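Just so it is clear, A, B, C, D and E label the chains in written order, and each chain counts residues from 1 on its own.
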Amino acid sequence: DVLDTVKDRGTLVCGTLGTSEPFSFQDPATRKVVGYEVDLCQKIADHIGVKLEIKMISVAARIPELVAGRVDVVAANLGWSPDRAKQIDYSYADYVSPQKILIRRSDADKFKTPADLSGQRVSAVSGSSSEAGAKRLIPDVTTVTFKDPPTAFLALQQQKVSGFVGSELMLLKFKQQSESTPVKLDILDKALFTEPWGVGIRKGETALLKQVNDTFAGLEASGEGEKIFEKWFGKDTDFYSKREFKLEEIKG
Amino acid sequence: MLDILSNNWLLLLVGQYPNGDMGGLVATVGLALSSLLLACPFGILLALGRISSHKVFYYPATVIVYIVRGLPLIMFIFWAYFFVPIVINRPVAGGTTMVVALVFYESAYISEIIRSGIQALPAGQLEAGRSLGLSYIQTMRKVILPQALFNTIPSILSQFISTVKETSLGFVISVHELTFAAAQINNMLLTKPFEVFGLLALTYFTLNLILTGLVKLVETRIANSRILAAQG
Amino acid sequence: MIEFKNVSKWYGDYQALVNISAQVTQGEVLVVCGPSGSGKSTLIRTINRLEPIQEGKILIDKTDVHDCGSIDEMRSHIGFVFQQFNLFPHMNVLDNLTMAPIMLKRARKRDVEEHAQALLERVGLAHKANAFPGELSGGQQQRVAIARALAMKPRIMLFDEPTSALDPEMVNEVLQVMKGLAMEGMTMVCVTHEMNFAKDVADMVWFMDAGKIVEQAPPADFFTNPQTDRAKKFLADIRH
Amino acid sequence: MNYTLDFASLLSNGYPGLILRGVATTLEMTALAWLIAFALGSLLTVLRTLQIRVLDYLIVLYIAFHRNVPMLVHILLWYFGIAAIVPAFINDRINFLGGEFFYSTIAIGLVTAAYVSEDLRSAIRSIPHGQMEASRTLGLSYLRSMRKVILPQAFIISIPTLTNQTLLLFKNTSLAMAIGLIELTGAGREIESATFKTFEVYLVVTVIYLSISLVLMFVGAYLSKRSAFRAR
Amino acid sequence: MIEFKNVSKWYGDYQALVNISAQVTQGEVLVVCGPSGSGKSTLIRTINRLEPIQEGKILIDKTDVHDCGSIDEMRSHIGFVFQQFNLFPHMNVLDNLTMAPIMLKRARKRDVEEHAQALLERVGLAHKANAFPGELSGGQQQRVAIARALAMKPRIMLFDEPTSALDPEMVNEVLQVMKGLAMEGMTMVCVTHEMNFAKDVADMVWFMDAGKIVEQAPPADFFTNPQTDRAKKFLADIRH
């Protein structure tokens, strides 16, 4: 099974996005990929006792890459959904994300709740659970999907769409970015929906799944999980938020 | 634009290397080069099939060429992306996927180039070889192909330029080539898409302009040596 | 040595050879002539199966050329010289001569090269061994082409209008080489309009018209006393 | 590879409609971009025959730029880059109509125009000078001669190469997927990411592409056979 | 009608026309002859400004051809027939004739087509109206070319070696048409080597050499009694 392969190979290949601060993103100075999810992957690798190899994948390719065996685990903003749970296995939740909608501040009067965007075009990252959620929850919406979050953001700024559906944290960063540009953005208060995120593992790879869950359980117990969270989401970061979840099983 | 270049030239040139796979411009050229080199043998085989009088060779080769001409490269990339790992039962890197797709795609185009190169040779060359007692294959190898390949070098080099451009599709499956690097920069800067993609366009432009110059150079050289050969 | 038995050949609907039966004996020098389109090239090209035939047989030393084990083996004993020389432009003269023998015979490379040099000497081109065909005159190229055919040590030599693509001043140098060969007893079939060559060295002349051999006679008879009107007219035309 | 094909799940959830809309988008885009390419390509060709120095340089630059930069980069440049610098009110209009379609159609049309104009130019060069002289002698102005005498012949001569360009253009519309347009490839991807029926989806998409391509090739062959100048 | 006033033309450094002054009157049939390269084509092509001139003037009915409002308007009254026919291969014969009149004259399409049919009748090709140029023989093509020029109802017809690209058996059919035109009083300038045509219908012959008109005489005088050595030699050469 995969766990044996990983041990033989001596490396754990972890798929991350690389375009999603602070989960995984490129440090411009070192051109290395770093972030919350990268740290978690590191912990898993340490737990198994192998080296970590980070592989950047696009949002749409997360599940195919995993199923095709090009990566061992996926820690890439992977929201839990019943459909997906049929395709792959999920580890304990490593994050819980409200999915919200980013709009242009100039439209703030028009769009107050997600439902106001019915009949509009909204951008999302292709293959993301936000895309599916938008389609499911906003009536008559047209989704325009992009390969990565920044381009979906750009589409909103360039008025190509009226809203951008994504996880709150990601949107928060873009909102801040927009403050230095002519087109300022705001996030709708009301979340479209909330979803837990987890590490994805190929179906049936129970040994590897157990290793991951053990790692997470250990992190939770030792308080190290909290620390890693603090490092990326703490007070001195741009992404200050409270940790309202535990590394524990996702209840579907 | 200049400050974007000076801040990110390394990423454009080699991608994340050495912290990751080789990327950027170097990967673009490397992908194009390796695909085209690998495509050449297949192209030759296909060309031989296309000129063969045996139906068993002619029809499969022709069908392959038509299929490739009829499908967008991106379809090949998707097929390779999802099915090469299944077929060989082993994970495959994005670069490899891209090379597999490009080899498929380019083989067909190269085969058409080589075929026309072969058909441009006087029929007497094949007859002369066969009359000496050489077999069809021997004649092809020693007489026809050396001439046809030599004469088609410029067209094959032009195909290299096309291939360089086609590697940009690697972006779609996150192969770390030049376009991908530019997209990364765009994602970091966020508000300078015109500058970033303009810079990207200029990079390709310069690279291919240099290559075009090279093709012209080789072309004149070959034209000159052809005159030498045709004097008699 | 070469025997045509009821040979017929069609290009699509057009019959280019009509039921030809005739033979060439060992050591014979045969000249084939006739008006344009009469089937001379077709005939000579069937001898080494450059053209397939649809009916009849062609035997060389009792072997059916069009139904034999390896035509390649067969062809390696039959030299063929083309109107357009067809030297390999990407090889130098020596390689043109040695390529086939090295590939096909189990001879040592050195021996093959020595033989090739001797042949070049014989056609008067020893000094051009390293030249490329493109650097030679037409007459020189055709002499190299003859040497190339001889390098395979053939038992028969076929010539299809070897001098028609040459400027007049070069015709003779090629004919001299061919005459030398004829003198040495090579079996030769030559399609040519060089009537003086025929008079000087041919043992036999075939006159073809419309895919048939209309007359077969030794040159002395053919030129002085042609039997058919067609041949008379042809000879008159050739003399202007 | 023990894999059971399951086309049934592609028939649910309005997926057939999605594919059909994708085909329609692809064809619309092909048609519009074709119009741009052929109109602009012809215009550039005619302008070049005028031999005005400055104009020539500009056109040569235009052609070089469009031929040497990958189509995908042109699409990105237009969609993100140019869009970022055009005035907002124009952009609003465009976005209202669907920026993905609009910009990629323009990009593809402009690039193909460069190729078309090169093809037409070499066709025009192969038309004897006497044709222009004959037409001028009848009293037709330069532009009318171009329109009635030279260009029609150039188009007929270049039917084979233009067919090829049309085919490439059609295939290139698949690149618009990279900016989120749901054309045929995009529709395929969308269904694929929802159903994970990769093989089935791409099989369907591939067959559709191939069928349309074969129709285009057939039409091209038919046209060039039909309108060849009879026995010149 | 046509008047050359001190016309000089250079191709780069080479002077192709040297200070030419001469005139052609209304209804005159002029034949221009002279050795190859003497400037005949250049001369006739300057008349409708297919070649620009650098010095002098060419007047047609008092209008300066090389300095007038619209050369296109001017040209539409001057028919020109080329050595290479230059029919439009993508149009059928009728369209070749009607395209320019329909575009340029405010005539009704039906009238133009009727006129075109009449012209085709006249050159003996009424039955070929729907054929394409590629399907016609050279002689037929040239006759269509003449009809095409006539379709614009020109006041002058220029011919630049109209029969030199034709096989001998077709020369006559074209000359017959030209003779017919001459008889009807068309003003014609013909560059041609057909001396019989000149003798039969020309009112005047110009003999050119090295860019100059060396002799100007009625054909009777020119052929029986050429004045210059150049002309004598030229006439001798032409008669073989």
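Here is the rule we use: contacts are C-beta pairs under 8 Å (C-beta built on N, C-alpha and C of every residue); 3 or more make two chains touch, one makes a residue touch a chain.
Keep in mind it's a predicted model, so treat the numbers as computed, not measured.
Undergrad: If each step moves to a chain the current one touches, what is the fewest number of steps from chain C to chain D?
TA: The least step count works out to 2.
Undergrad: Using the contact definition given at the top, which chains are in touch with both chain C and chain E?
TA: Under the touch definition, chain C and chain E have no mutual neighbours whatsoever.
Undergrad: Starting from the Cα centroid of chain C, hunt down the chain whose centroid lies farthest away.
TA: A
Undergrad: Which two chains does the highest number of contacting C-beta pairs join?
TA: If you count contacting C-beta pairs, the leading pair is B-D.
Undergrad: Between chain A and chain B, what's the gap in Å when you average each chain's C-alpha atoms?
TA: 37
Undergrad: If you average the Cα atoms of chain B and of chain C to get two centres, how far apart are those centres in Å?
TA: The mean C-alpha positions of chain B and chain C differ by 45 Å.
Undergrad: I'd like to verify one number: the distance from the centre of chain A to the centre of chain C, where each centre is the average of its C-alpha atoms, in whole angstrom.
TA: Using C-alpha averages as centres, the distance is 81 Å.
Undergrad: Specify, in ascending order, the residues of chain C that touch 2 or more different other chains.
TA: Within chain C, no residue contacts more than one other chain.
Undergrad: When you check chain A against every other chain, which residues touch at least two of them?
TA: Residue numbers touching two or more other chains: 64, 147, 151, 154.
Undergrad: For chain D, give me the residues that contact two or more of the other chains.
TA: 80, 83-84, 178, 189, 198
Undergrad: Which chain pairs here would you call touching?
TA: Pairs satisfying the touch definition: A-B, A-D, B-C, B-D, D-E.
Undergrad: Under the stated contact criterion, what part of chain B meets chain C in this complex?
TA: Residue list for chain B touching chain C: 122, 124-125, 127-135, 138, 142-143, 146-147, 150, 227-232.
Undergrad: Where on chain C is chain B touching in the complex?
TA: Checking each residue of chain C against chain B gives 48, 50, 72-80, 82, 84-90, 99-100, 103-104, 132-138, 141, 148-149, 152.
Undergrad: Can you check the complex and tell me which residues of chain D touch chain B?
TA: Going through chain D, the ones touching chain B are 1, 64-65, 67-74, 76-77, 80-85, 167, 171-175, 177-178, 185, 188-189, 198-199, 202, 205-206, 209-210, 213-214, 217.
Undergrad: Going by the contact rule at the top, pick out the chain D residues touching chain E in the complex.
TA: 128, 130-131, 133-141, 144, 148-149, 152-153, 156, 227, 229-232
Undergrad: List the residues on chain A that touch chain D in their complex, please.
TA: Against chain D, chain A makes touches at 60, 63-64, 67, 83, 87, 123, 126-127, 132, 144-147, 151, 154-155, 158-161.
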